[in-house]
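Two complexes follow with chain A in common, the first pairing it with chain B and the second with chain C.
Let's look at the complex of A and B:
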């Protein structure tokens, strides 16, 4: 065993320890000072070239990135030295998009919660996605929130009389996987080929009969029918391959009523009031249908938790809450016929292949 | 899980972190060389770089199971275009319209492969980092494991929980302030230690506890003779400095101003009618102060008189107190000097706008007090280099006030942009996407 350092020399160590701990917070560009404090090191501790370069960069070009200017973004500069709203200079496709400003968020809150407007109407008024409208919550102040809003772009609330700038596109059409295929489909030139027909081709449905096709003047005519009665959508294919016919974009966008409004405006440019009236009626019908559908879904979910009827079964199982009495769970509550978790009995999630991480959290 | 994700300079890998090392690496990132390298080598390098940033805390096998070759995308539709044409114009002739459309906008490509790592954005720890609630994904992960995060109101301890559209997650605001706030200096740390020691000492007697509470609010009767209007003017100038958006004002300077401002506000409060106002909570103090200010603005002359009366009373009582406090900040002392020289200042000089600024400064002071018991530097300020990483993707709706965010939908690509925040360009993401396809390119 190698001889240990004697106690005398250990006491000599103490000043070294204290001095090093105080210099450690220094910027390591002053490496000459740390050299003298190291009594035992054979070689002088050298800062690596990379570290030196980094601190040089942080002191010169990167110095502006340390603190932000309120109300301005402060991202890395692009290769040509220009400042932009792209946080990553190498990725030209990622843009730091504005978030809702505090005033705009409060305005949404006021319109939905206090003025009782529908999320659909507020979405069109302010140009905010309907999901985002639903997510706006109660206010409470913090310095952190203020600092973050100084660093990132925000969409301001328009002053009275000004037109509100749209926060984001509200009529995004999700690209359906069925439309990924390239299909060669010959059509007679004499026959108009509309978005409805394209959807049918993509989902492999036969062409519409002439009588049915003549009834539809524009694909947006389908929107209201589908919304009122989603079961009117046609099905194609058998068994597992059964699928609904792909609907035209006019139906699948979040705000189909805006297409009908644009059509009305083009057809009756003089009758502004009548057009607005029809639009309001349409909106009302739409909201009513949505509410009814939500109620029906909730009702169905409630019924399905109370009663379960497996397919291919003659039986329906009624499910009731467990009752914890001496008869149902035994004297000690651990009778073999008792429901729920019992001490000594391994839980089901210990079996192989069972994942314990929840997949959803219900509100 | 051991953290192998170092920010080494020699490797130059980019991490989901706000570290300055990471910033430097990000700045010097260049597309990897492709000349003299096989396609396999190119893909290998690309996926290694990509995975160092996207879900380095996720095992490779786990990520492979998550990967999906199907990429979500949307096309923003123009309702007037939809209304103008039912599709037959475009499909006329040989299937691409009878004549070339003149108005055709320059069509942008949809950057599909920039979305290669999109499934990882669903993870709870990544979403917390993206909402700017943590300074790195590792830290976000720690917050989840330590029980500081709730999903839909229930505590969630699994960082790998995959958020569903509409899920609301919330992080303990104190943790967020710690994660995003500047670190303490050694002087602040010393003050924290002293505070802690004092707390331990004072636990013995009740009297000491009272003294401590007084110390904590730093309430000391002032022995100076001041004019109320001057105090107000000094308050005003400091408030302006605090609220100024001028980048020339250094953070340290601003902090100094804030301290002085705080003291001045206390001095004004000590003059108010109620004697318990200084020991009251901040809310009550604030309302009292704003009440006094508002009254002064509404009825100028009588308010001034009453102010002077109260001042004379104050000076009488204050004369008994011989204790002299430390010097206030230079702005305030200047104002006091002006008052001593007999310069007359009118309180009516303050316009509505100035009152508004003063009010805002007061609010800020109330929200952001100096408190050495906190684990971050107070008053809170963002940590260094945070602004270079500050952005919030569109698929999240974040409310910083309550440190809560909603995962609105899955990230999507659209013409010209992709919502997955990735520091890499197509030269890295495309080969990485190809690597993870089941039928590899």
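Let's look at the complex of A and C:
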């Protein structure tokens, strides 16, 4: 059996947990302590070559990594001695990505909360994903953040007059499960086939009528309508399999307005101010529509929900209006999407061999 | 025969969940009712892991109810069971049930 290292000794291997008084002199003592703990054993402690090499390395090259310089990464160096953002030199795919610096994070907070800018606009200005912008408002674990920020790369906030470096790509398109299918779809050469048509093929919708198709000069034309009124997206399929027609990438990306901005810039290279103006207007319209929609949803929920707080109870009761009609519960009252649990439909949540974890995610 | 608005238990062990149903009074709890008019989840929902200023002041229990259908069935003489009476009282569809005893 391999010799066991006592937990007391193991803590010495973690340089940042020990006080500054612990030096490399601890490392040889570690070997001796493991030997002395084997009182009844006559055989010599097995010391493998790798283990010996490890302690040699800890005493020589590794000693430099014992204490980190605050504000700098403390990763293993490459063979040529240069510091890189790859903590594991043998795993070139593991890259230590930068996190938001404190200044940049505060700037996001100030712009969204105090200057009342929309997350969408701030995302474009600072080059930060919208999800991350939303996460900035979450409660903080400050001591943890402080400790971590000392050791990992961060994206700094640009000085006044400088251009902000983008923290990450902001317009990444999530992979839609509908696009996973391989479809052989012959199209006559004479027929224009755009991303809109591809989306319709993926979702099994019929071809767009010529009249409607002629109105669209570029797929990004749809973006504004869809963002303002998502209910205009067509549905295909029946019952449980009903789904919305897959929209072109120009619509589904987080910042569709940037496509239109780039197209405007290419079309009118001279009129920079007018293009910027149009972009600002477009953004404003979008935000207004989004805000109105959110307000409408909140209002509807508020009207259909009533919270009752009996004085003699520890609990509140939330009464939601439900309408049990043919549309909401199906013809036989047993539609799977109906509120409540269903009769006569076996719940296979305990049967053997069935998958009990969610198998699909609705995007 | 008497029509009752009562609870029908679903869910697993220690995880009750009720449909609020209209059924013949003498039919079994798990039999098919005339109609499902709502649901009641007696397990209080506590929002763990969300910031205090966003959390509801009290844990709450969820009720969904089709008020129009409930009113109709009460109108044609369906009688609510005691637990459902309490729920319908909270939904302001029934007066509080008169007590059969007096507190000293």
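Keep in mind that, in the parts below, the second predicted complex is superposed on the first by the 224 of 363 C-alpha atoms of A that agree within 3 Å, B and C clash if a C-alpha of one lies under 4 Å from a C-alpha of the other, contacts with A are read in each partner's own complex, and residues count from 1 in each chain.
Throughout what follows, a residue touches a chain if its C-beta (ideal position, glycine included) is under 8 Å from a C-beta of that chain, and two chains touch if they have at least 3 such contacts.
Please read these numbers as outputs of a predicted model, since none were measured by experiment.
Enquirer: Quick check on the superposed pair: does A:341 touch chain B, chain C, both, or neither? Answer first, second, both or neither.
Expert: second
Enquirer: Going by the contact rule stated at the top, is it chain B or chain C that touches a larger number of residues on chain A?
Expert: The larger set of chain A residues in touch belongs to B.
Enquirer: According to the stated criteria, A:315 is in contact with first (chain B), second (chain C), both, or neither; which is it?
Expert: second
Enquirer: With both complexes overlaid on chain A, does A:249 touch chain B (first), chain C (second), both or neither?
Expert: Only chain B; A:249 stays clear of chain C.
Enquirer: Going by the contact rule set out at the top, does A:160 touch chain B (first), chain C (second), both, or neither?
Expert: neither
Enquirer: Which chain A residues lie in the overlap of the chain B contact set and the chain C contact set?
Expert: 138-139
Enquirer: Under the stated contact criterion, what part of chain A meets chain C in this complex?
Expert: Interface residues on the chain A side: 138-139, 306-310, 314-324, 329, 333, 338-341, 343-344, 349-350.
Enquirer: Taking the complex as given, what residues does chain A use to touch chain B?
Expert: 25, 48, 50-51, 54, 57-58, 62, 65-71, 73-76, 87-97, 99-100, 105, 129, 131-132, 134-149, 151-152, 168-169, 171-175, 177, 187, 189, 192-198, 218-220, 248-250, 253, 255, 258-263, 266, 357-363
Enquirer: Chain A touches which residues of chain B in the complex?
Expert: 9-10, 20-21, 23-24, 26-27, 29-31, 70, 72-80, 82-84, 86-88, 91-93, 95, 111, 114, 132, 151-154, 156, 158, 160-162, 164-168, 173, 176-177, 180-181, 186, 245, 247, 251, 363-364, 367-368, 379-382, 384-394, 397-404, 406, 408-409, 412, 414, 416-426
Enquirer: So in the complex, which bits of chain C are touching chain A?
Expert: Those in contact with chain A are residues 10-12, 17, 19-20, 32-33, 35-39, 44, 51, 56-69, 87, 90-91.
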